[in-house]
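Data first, discussion second: the structure below is written as structure tokens.
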Amino acid sequence: MITVTRRYRFCASHRLHSELLSDAENARVFGKCNNPYGHGHDYVLDISVTGELNATTGLVVRLPDLDRLVKTEVLAGFAYRNLNQDVAEFTELVPTTENVALVIADRLRKGWRDYFPYSSARLSGISIQETERNSFEVVISQSAESAPSFISKLNESVIVNA
Amino acid sequence: MITVTRRYRFCASHRLHSELLSDAENARVFGKCNNPYGHGHDYVLDISVTGELNATTGLVVRLPDLDRLVKTEVLAGFAYRNLNQDVAEFTELVPTTENVALVIADRLRKGWRDYFPYSSARLSGISIQETERNSFEVVISQSAESAPSFISKLNESVIVNA
Amino acid sequence: MITVTRRYRFCASHRLHSELLSDAENARVFGKCNNPYGHGHDYVLDISVTGELNATTGLVVRLPDLDRLVKTEVLAGFAYRNLNQDVAEFTELVPTTENVALVIADRLRKGWRDYFPYSSARLSGISIQETERNSFEVVISQSAESAPSFISKLNESVIVNA
Amino acid sequence: MITVTRRYRFCASHRLHSELLSDAENARVFGKCNNPYGHGHDYVLDISVTGELNATTGLVVRLPDLDRLVKTEVLAGFAYRNLNQDVAEFTELVPTTENVALVIADRLRKGWRDYFPYSSARLSGISIQETERNSFEVVISQSAESAPSFISKLNESVIVNA
Amino acid sequence: MITVTRRYRFCASHRLHSELLSDAENARVFGKCNNPYGHGHDYVLDISVTGELNATTGLVVRLPDLDRLVKTEVLAGFAYRNLNQDVAEFTELVPTTENVALVIADRLRKGWRDYFPYSSARLSGISIQETERNSFEVVISQSAESAPSFISKLNESVIVNA
Amino acid sequence: MITVTRRYRFCASHRLHSELLSDAENARVFGKCNNPYGHGHDYVLDISVTGELNATTGLVVRLPDLDRLVKTEVLAGFAYRNLNQDVAEFTELVPTTENVALVIADRLRKGWRDYFPYSSARLSGISIQETERNSFEVVISQSAESAPSFISKLNESVIVNA
């Protein structure tokens, strides 16, 4: 078993603001990240894939296939974008990097079988650096693979909370 | 003569769009950076100061003084901000990182004597990384110190061009 | 479940020398790190916190709270210090980076509830880079949370050994 | 329990090409990495060792011992070399970085007891960066320590496959 | 005047060996880099362009134009290649990174006017990292722009030397 | 003309304190760096050498020769040391990184001809990073090569000042 991790980068802007909180609460919780016109980051996205080697090729997966998955399902919609305005999931979710990580994990899990129909390799983790100081990691255990999406679970909690 | 370079970081968002160009020209010139809702970066800002050592202290300048200058004149207005909306200079200038570098150079040159009234050390350069791939450097020669501001020169060119 | 890792830095000096060993043994075990007047490092400290997202805010913890914990319990006493002379735990323990990691883990575990009284997020790991080549990681499993402190365990071993 | 990770570097060249595949299949699977005269990388190799601290010295292992192991068993044969031509294991295995990681893991596991005869610390992981974008990690669990070598298992699969 | 520096990366292999030297001299001069089957690196290539800003766009050059120049004239022939076998200039020149830098500088200077026909910006420098420890920089002064190519000068010296 | 820059690293400790200043002045000027027992850093030292290529070998200098110079004249006395106690020059000079840079420049200039007796390449610059935020650069122009040592000039100033 080997874990291959490939790095992608994208820049985007966001504003941290929750419709469920008052202006004062938003300011207190999110600080400068609540500034009205937003700010941005150069996100570094590490995607981890775990599996056995193909004994003939010595590869876990072909990286161009992983590139197509990540570009189509994530980068095409996130890069050079305003996450609040341009990414559907963030009409309901605050685009904290925690939520960005879960949304990306969900998109990649959903697309996985289309891009790797015959591979026994699986998506095992996602790590995203917001800045050089802050990173956010989602470990995807084997048992969690058939679990409902991270997003729907979050949306339900939001509705219950609201 | 020694050059001391100190690194600062700030995140901000911007949109590359010139009022002097048509929408089609803006799209052609700026590509994805012209996306309507903007995107953002984690800018890395290196400030260089050149001078002789103070023979008693072995220092060129005291770095806390440099920190106060950079924080007050630059970071307070740029960090966690939308450059187009929140920074006065960019109501007329496109916030390319080239222009961001010149604006920062001008602000630091103007404030220099207030923060370093007795020092013979001078601001000798500014370098700003937009992403890990793109950086922009302004070298400030000794003779350029009494030159008019970079910004006013740019504004004049814009007017002539318009 | 998401793990947030935040990076801190501090510089300090230390000398590796054990009172339980002869001078010759100290020289053999610690090599140049046993040089009598000490040397120093720029330590890079990564603190990992694991928990569920708050569904309203999209955050695991508020990072300013984590900053206060780390600054008060660790950085205030370690940064710009001589670990052997200035940090109480190292009157008995050799300040190897292994021990520095355990001492920091203990301090953060002890302070955790004061800084995060209502959060279900927990301290899940500490990693410290001594140099760009050497790093030291403590994984704190959920079951280890009620365990006695790492330090007291070490001190007991030292006494037994001595 | 602490995990110490020490970083090594070596440059080498390789060509990805399998004798079990046709030229067209090799080109399709390996792309530019199949170019006939090969290419190369600066590999970054992180070796992780996990164990309890020695209570007297505050060390998990002495790093000079680890250096001797890694230099003798790996770097002496890999650095400044062509992996296909100069490293015995790659006469049968394609020198993908996945296979390079397994070969290194095997060599270090075999040599471990000679270099650390009395230590309870164990080799717990190997991570190798091929480029700044691609890294490959082998986690060595405690139960896997008595398992047959990674290489022999691979060779058997290759034979079955052929 | 601003200098924009953009980073490119390519991996390649090489062997340091001069036909003008005996085997013993080659071994003495180039050490392990003379190993018969070669080795390789992940080269990091920084291209610097200096000029005035376009007052309307706020750009020195459009980076996609620079990308096309570098990809066509350099990366297409160097990436995933064996420099000795695959790059014409190195049939006569030893592919030290010094020579690689000069060859790249020459190729970019020759192609410059085709890619930037109307721009007053000029190629002002090339820096190439062979490893994280070794980098090689060519500064191209304004007066050197009409100078004969770096390569032809080298070839002449070789002939004189031989 | 090419400039080759090679990177070295060393860890050391220091305390910033001037005998020419009162305790209160020392505390005001040096802040935490004046803490009585000192602290330390992992210094990153970049040495730049400029010259024409040897047309036969394609090298500016042989790096093993540079390594011997830097190890003998600098690293042997600085690495794993307390700069105030262990390095002769700092009995009179405060070991600010500015002074460390000048002392290193002087030592390398003095030793240059012994290590490169026939080379036309010259020491053209020294850059030292104290932390990831602060770096200090000495540019050595061709005309400065016959100048008196940086240290003696500093000592004279100190005497005049005292």
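Chains here go by letter, A, B, C, D, E and F, matching the order in which they are written, and residues are numbered from 1 within each.
The rule we apply is simple: contacts are C-beta pairs under 8 Å (C-beta built on N, C-alpha and C of every residue); 3 or more make two chains touch, one makes a residue touch a chain.
What you are looking at is a predicted structure, and each value in this text was computed from that prediction instead of being measured.
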item	value
Fewest hops from chain B to chain D - one hop per pair of touching chains	2
Chain labels contacting chain D and also chain F	C, E
Chain copies touching (chain E, chain F) - same or different residues, decided at half shared	different
Contact-richer chain pair [A-B vs B-F]	A-B
Chain whose Cα centroid lies at the greatest distance from that of chain D	B
Chain of greatest Cα-centre distance to chain F	A
Computed distance of Cα centres, chain D from chain A, in Å	30
Sites on chain A at which at least two other chains make contact	132
Touch-based graph of the chains, sorted into line, ring, star, complete or other	other
Chain pairs in mutual contact under the definition given at the outset	A-B, A-C, A-D, B-E, B-F, C-D, C-F, D-E, E-F
Of all residues in chain C, those that touch chain A in their complex	1-7, 53, 55-60, 62-64
Chain A to chain C touching residues, read off their complex	16, 18, 20-21, 29-31, 93-96, 98-99, 101-102, 132-139, 154, 157-158, 160-161
In the complex with chain E, residue positions of chain D that touch it	9, 11-14, 32-33, 35, 37-42, 79-82, 84-86, 131-132
